[in-house]
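Next up: the structures, one after another.
Shared chain: chain A. Partners: chain B in the first complex, chain C in the second.
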Partner chain A sequence: MTSSTLLPWVIGSAAVAVLLTAVLFVVKVAHHDLTRRAGDRRAHYIGAVGEILARRTIPEGLPVGWSDDPIFHDTLSEFLSIVAGEERRILTELSSRLGLSDRLASRARHLHRSAARAEAVHHLAELASPAHGPLFHQLFGDRSPHVRLGAARGLARLGDLSAVPRLIQALAAERPWIALRMADMLLAFGPSAVPNLTKWLREIALVSLQGNRQTTQVIRVVGLLSDPAAEPVLQELLDSPDPLVRMRAAEALGRCGTPGGVAHLAAAMTDADWRVRAQVASSLGMIRDPSALDVLVTGLHDESWWVRQNSAQAMAELPAGRERLREMADEGTDEIVQIAHYQLALAGRGGS
Partner chain B sequence: MRALVADDSAAVALLTSRALAAIGCEVTTVADGIAAFHQGLSGAFDVALLDMIMPGMLGTEVLAGWAEAGLSLPTIVFSGVDDENLTLRCLELGALDFIHKPFDVRELQLRVRVHLAHTKVS
Partner chain C sequence: MSLFILWFSIAMQGYLLAVGLASWLELRRHRHLGKFDRSADMLSSATTPPVSIIVPAYNEAAGIVDSVRSMSMLSYPRFEIVIVNDGSTDETLDRMIEAFRMEAISTPYRGDIATAPVRAIYRSRLPLPIILVDKENGGRADAINTGINVSRYPYVLLTDADVVLDGYCLLRAMRHVLEDRQATVAVGGNVRPLNGANVEYGKVTKADLGPTLLERTQVLEYVRSFVATRPGWSRFNTMLLLSGAFGLFRRDVLTEVGGLSRGHLGEDLDLTMRIHRHLRDQKRRYRIVYAPDAVCWTEVPNTREVLSRQRIRWHRGLFAAVRDFAPMLGNPRYGGLGLVAWPLFMLFEFVAPIIEFIGWFVIPISLLSGRLNWPVALSLLLIAYFIGAANSLLALLLDEAFGYFSRPIDALRLIGVAFLENLGMRQRTVWWRTRALWGGRSSWAWGNMQRRGVANLSN
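For the complex of A and B:
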């Protein structure tokens, strides 16, 4: 290739490079400017809403543009998520005067971009009133999982218990990460959801006898809701053929079990699966009932290292258990002496 | 009275600093855990309001750092995480009180007043 044929190619390449650099520069400057303006608007809204809350009055003639600006929606949602009482009432009044609910409902229904629809439904969930119930039910069937999550959040905020069975179904139908978030939405219903959840466990999980993600998530939620009313069905689940279900049931019983149910839980210390026994030991420690002491001492001699450790940790939760650990620290086998010293040291540091 | 407010949310920082200013506090706000830790060590504050989840250092880490440095700054922790173990951990590390978000501004003011009065007496 001669220099005369190479020259146009070099000039052409250089021109393309310069043009691309110029385009990139313009895009970067424009992006920077947009980000700065968004930051300015956000700071303005934070200041304005803060001022309204400090004065406890909403001025007449609010700027119409606020209700159409997603940055204002974000700001208002953030304030709504941190305040309660009188401040929350003022913010609800502010959104009502701006007609924000209707705008958000319209955006959630009609916008094409799923991210924008999800954003609208999440903000609407913060302002949820019973009138939005049908819309949230409708959006729960949206093609975007994030919109469905927002709708679930709205239904949870409304305490609409008719949505609980649909959310339980979603635990099986959704992808794992979304299913986990859906389970958190079930948690947001609070203890009022426990009867529906235990009914499902009794009618479906106990009958099908098959453990799956749906069952284990429902058990987890029931445990976290810490309602002793769930204790009987969780005790029945300790007899499930699936060790994962038994393990989750034992874990949930640690959170919502009562001293009266200790004997039932303690019986599961003979489970064939060491993971279940280890969890049972931890849960007995969480219930902190002295009647569990004997079975925990037995657990110190279990074949599994985890069961022995968890049993000692659970004993350290009980005054009488700490006393037994002190005795064992002096006269047990080498390993038990070591475990006892370790747990007593943790308890002494406020670790138990 | 001088108060340190540490929260990475501008909305929370504004709201709490206004609420504390309204009860006569001179407020300094910081937006991350490291700044909160260093400001606290300056010894210039009578009370601190500490968010649990912040960039740089978590609220528990800030509390542990202050405790290690021998600082006894009356601290109220606030967090959106409703976890009994976390609350207990904060109290173990020397926090005086724990406020869950969403919170009532007047309740926050009242708690700060009570703790400041108690600190004065003791």
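For the complex of A and C:
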């Protein structure tokens, strides 16, 4: 090895370093300039749209460039996500006058880049025009998960219940992150989605008895919708062989919050899995029915720390339960005294 | 020998370049996900899991109140902040009690992990989810373990009292958890130097490089480590170190491994390695990922003395980890971690400073004795120097995605540091790392850097 054989390597490495220096400097300067310009345009759009909303009229001769500018699309979407009623109508009309809806629909349909399609469909979802319902259905079958998510958002915004079964399917088919967002879309339908969801639970989950991500998500959504109409199927799911399903069913019953669920939940307090028992105790606290008190007192002696804690917490939700906790704070064993004091302190009714 | 050392330096820079390229691929994927996955939807979603933020505090009276106030403003639907006062001798406890109207409550304490005795647990009377634990002094690891015991939620964020968390960092880190909730056991965040930055109401409004060359060099080091190295390792699920300033963990996994090791100098490295070992031993599917967009800011040393102490402590931690996890080295049972990541980490982080230190003596002797050809040695040194600078420049290019230091003058300063770093500063770090290998100061459990406090950083 001689210095002459190494010379090309020295020159090469120096050239790479110099090239990277130049690229870095140019990128920094360009980025700085682009960020500043984008900030200026954004500020301009915020001001303009804000003024349109304040004046409640759309001026004639809107600049044509607005509908082509992604920064305007973002700004308009942000406004649409926070306004309602008359202001929403004005913004919808603004997008219509600019021809934005058609332009976005065309982009969502025809562009090759999935990122650009996703961007267009998310803006369309914010506009939520009933005319785009068929397009959203079509895009729900797109190859990009981000486009499918945007389409689901649009369908949820439109309250199109025919999309619910497809959304339930998506809970299983999509990767976890997208599936969670699809669950959010199901929630966005509100209680009107419950009949479809309970029908699925009855026809699929109860028959297959197989707990999976899809089943637990549907139960969770049903619980969050807090519709008492779902209670019968949730009560049946408390007998599922899968502890995760039983846990989610107990949680959902607690959220539905009617005394009708107490007897079933009380029976589940003897479940072999401590996670189910802990959730049952919490749910009984959510329902706040005095008939659950005896079961909760039993829970205070459970072998699991979480069941004992949750039982005490649930007792603190009941007037009679707080009374019982006060008695225990004076007479119980060390841990129960401590638990009782803690829950009473949290409930603001005494304790140290 | 001299030629070996010179070639070793080139190989090390080549290794960094390869990891930098892997990081580039990973960051591209992150950018795409970040743009379309709508992390902000988590804010309004009922399915977003709650998180406990655990903050150990030892003599942090100067900044604890502002830090907690800043943390309480995080954009996340449900979280609690658990401050663990580790027997502070200053007014940390009193300031917390006064500022957040904390009141002592008799609370059930779950002893999942053994810790020093807890004196009292306080809860805020304000509508803020703050819990203050006052305990006997036991060190940072012990304080965190206490926080893990007290925490209620399934995920815990381990951080420090002197950091400023970006408003969306928790959301962005948890987004990675929700990508695969079954497998994701830990998420590391992007730590950036806070020196010189503008902080208003507990938020960084403008990043800066800091006024001194020492601070700017550390900016470059952090960028290289957090932007050009960790994403690359994360891509292959072989990330060896989650920073103590920002590490999000599944609580059950932390209790399974017994929490942080008390008295370990490199407790963050030790914890990450133990999680890897535990889960691989059990043949469980898991991921430890890096979230480059989950940013937190921390003060870095602004004097040479403090920096040297910090680096020596870090390197002793690495030394302890090398000793503890030696059986994993080259062990196929640990997959890519045992066969590639851990050996490379050991070679280039632990062994390299020793080799470089030896080179300071061997190369001049060889040159003077005529056993090493001057032009060849110079050529090899220049190659190593330029590839080293290219690594730093590549890291800065990758960092451009985050949009910090966007002024052209910052670019010039950073480019200058990239070329100057290898002319003295790097050698100084090698000296500190080498010094760490022989005995010396005894107590390194808590750093004793003079903090200015988050509120006082406003320019």
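By definition in this document, the second predicted complex is superposed on the first by the 327 of 352 C-alpha atoms of A that agree within 3 Å, B and C clash if a C-alpha of one lies under 4 Å from a C-alpha of the other, contacts with A are read in each partner's own complex, and residues count from 1 in each chain.
Basically, a contact is a pair of C-beta atoms (placed from the backbone, for glycine too) under 8 Å apart; a residue touches a chain by one contact, two chains touch by 3 or more.
The structure displayed is predicted, hence computed values, not measured ones.
Of the two partner chains, chain C is the only one that A:T21 touches; chain B does not reach it. Contacts of A:S13 after superposition: chain C is touched, whereas chain B is not reached. In the superposition on chain A, A:L53 contacts chain B only, with no contact to chain C. When both complexes are overlaid on chain A, the residue A:A151 reaches neither chain B nor chain C.
When the two structures are aligned on the shared chain, A:L91 is found in touch with neither chain B nor chain C. Of the two partner chains, chain B is the only one that A:F79 touches; chain C does not reach it. Contacts of A:A43 after superposition: chain B is touched, whereas chain C is not reached. On the side of chain A, the complex with chain C involves touching residues 1-3, 6-7, 9-10, 13-14, 16-17, 20-21, 23-25, 27-29, 31-32, 35, 115, 118-119, 122, 146, 149, 175-177, 180-181, 183-184, 187, 217, 220, 224, 305, 309, 335, 338-339, 341-342, 345-346, 351-352.
Those residues of chain B whose C-beta lies close enough to touch chain A in the complex are 9-12, 14-15, 18, 22, 80, 92, 101-107.
Note for the complex: chain C touches chain A at residues 3, 32, 35-38, 41, 44-47, 104-108, 110, 123, 175, 178-181, 373, 375-376, 378-380, 382-383, 386-387, 389-390, 393-394, 396-397, 400, 403, 406-408, 410-412, 415, 418-419.
Only residues 42-43, 46-47, 49-50, 53-54, 75, 78-88, 350 of chain A touch chain B when the two sit together in their complex.
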